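Order of writing sets the chain letters: A, B, C and D. Residues in each chain are counted from 1.
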Amino acid sequence: MEINSWHETGHVPVTILQLKGDLTSEDELVQKAQAAFQDGARNIVLDLSHVPYISSAGLRAIHMVYMLLRSADPVDEEQAARGIARDTYKSPHLKLVKPTKNGLKALSTAGYDIFLDIFDTNPQAVASFK
Amino acid sequence: MEINSWHETGHVPVTILQLKGDLTSEDELVQKAQAAFQDGARNIVLDLSHVPYISSAGLRAIHMVYMLLRSADPVDEEQAARGIARDTYKSPHLKLVKPTKNGLKALSTAGYDIFLDIFDTNPQAVASFK
Amino acid sequence: MKSLTLRYSGATVRDLNDIREFLESAILNLGGDENIAGDLVLAANEAVTNSLLHGYGDQPGAVSLCVETEGEDLLVRLLDSAPPFDPTTVPPPDINRPLEERPLGGLGVHMMRQLTDELVYRATDDNRNELTFIKRGVLSPVQ
Amino acid sequence: MKSLTLRYSGATVRDLNDIREFLESAILNLGGDENIAGDLVLAANEAVTNSLLHGYGDQPGAVSLCVETEGEDLLVRLLDSAPPFDPTTVPPPDINRPLEERPLGGLGVHMMRQLTDELVYRATDDNRNELTFIKRGVLSPVQ
């Protein structure tokens, strides 16, 4: 797994993590996200367009990145509680871009596609952060 | 196995049989050669440049084509007897072009490379017939 | 019937890449399409990972993967010699609960179930674990 | 140790193409180079052909091909359930005689011998023919 990262600014600053290769272990992605978080990143796009397979370990990594970003936003927590009740909650801090067919399969077997917005392109994902 | 055939004329008329695919059964090549022979072909070039593998069945087919051409030339028979004794005999009627690495391996395990001239190109093979 | 088998005497998680590639090409070779291959690779990848990490405790262990056809069905069999474990007894996670309320992990067996038509466990006569992933009616009858 | 196996319950000569492709890719996958692959594919192709034509009399028959590593050696094993036959007993042809004096055919076993370092026959406990093609010292020690 290779991970490239860079910053873009829409309404707010956004960090893009572009993954290349199978996402089948949690370490690399979690470490990269933690490093970005320590550098101040609060909004992350995971570009999954070059990830042939995502395993349950990969899903766990995405889960951890989600929790990490959420931990820094008390407002999100409260909104989540209300939003989830109405089935409309999507994470405001973590967005996904263009998972492959098999990647999407993994995400949806786990129900992650319900709580995470998925976009076709990085610019669309960046623009969606408020 | 796909076999294309066409005619060229050097010092004498020559029929080129260009083989494509593994030469691992005798039927196709033998049939094609017999048809050419019935149409009057007496000199044949086997272009082996597109033949990944030659099996013992393929060697048997080459052997049969050799015998077929030889059967029509009584002079060859007599020359062969003398030539073979001196270790210099090569078939005057059947020439091979550019066998692949694995093709050449098969030909040489069987000792066919001793009795059949091998050329790099079709024009060279055509020009070699007297 | 035709089958393709990959066997390791001492596999580790570093072999998982290779295993996924083998499965993908074997499934396509036996007449499965890319969709079927994707599902079975994802499912089997989870099982092998569990066998290596939970079964063998992250030590090199014997595993073999066999892709085979049975009429119009496509099967992947995983055999290992780790302590007996039947993953079909693992209760399903609640995937409708929000992420913050869910435990990390516990999705592997769920993925195996979701991505196959049937998941069959048995202990073999020589005491190995055999886990079979079945996709039904996915091959053309001519096969 | 790692191995790759292709198994048929009823193979015919129409499967030979597929068998050669399997052997080639399995040998490369296990660390053999193209030269070694070429030799072993040619040799094993002869053996499978004989097994199907002479052993099973051109009727569909069970064959399995296993490519495996043993230290620095690369092995291909052919197993069939045809009547017992030990090809290593076939006398070598005289390949120095001119073509017109040679019988047609009779080169298959010769090719098997020439293209491998060792050719080993044994009847298995369950009465199958097992023919093993060995290339010695062709893998890097790290393998």
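Assume contacts are C-beta pairs under 8 Å (C-beta built on N, C-alpha and C of every residue); 3 or more make two chains touch, one makes a residue touch a chain.
Quick caveat: nothing in here was measured; it's all calculated off a predicted structure.
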Give the rotation angle, in degrees and rounded to the nearest 5, that superposes the C-alpha atoms of chain A onto those of its identical copy chain B.
-> 180
Report the inter-chain centroid distance for chain B and chain D in whole angstrom, where each centroid is the mean of the CA atoms.
-> 27
Centre distance in Å when chain A and chain B are each reduced to the mean of their C-alpha atoms = 65
Let me have the rounded angstrom distance from the C-alpha centre of chain A over to the C-alpha centre of chain D, please.
-> 52
Throw together a list of every chain pair that touches.
-> A-C, B-D, C-D
Chain A residues touching chain C - in the complex, by the definition given at the top = 22, 24-25, 53, 55-57, 59-60, 63-64, 66-67, 70, 77, 80, 84, 89, 91, 101-102, 105-106, 109-112, 114-115
In their shared complex, at which residues does chain D touch chain C?
-> 1-10, 18, 22, 25, 29, 68
Spell out the residues on chain C that touch chain A in their complex, using ranges where they run on.
-> 13, 16-17, 20, 34-35, 38-39, 41-42, 45-46, 49, 95-96, 98-100, 102, 104-105, 107-108, 110-111, 114-115
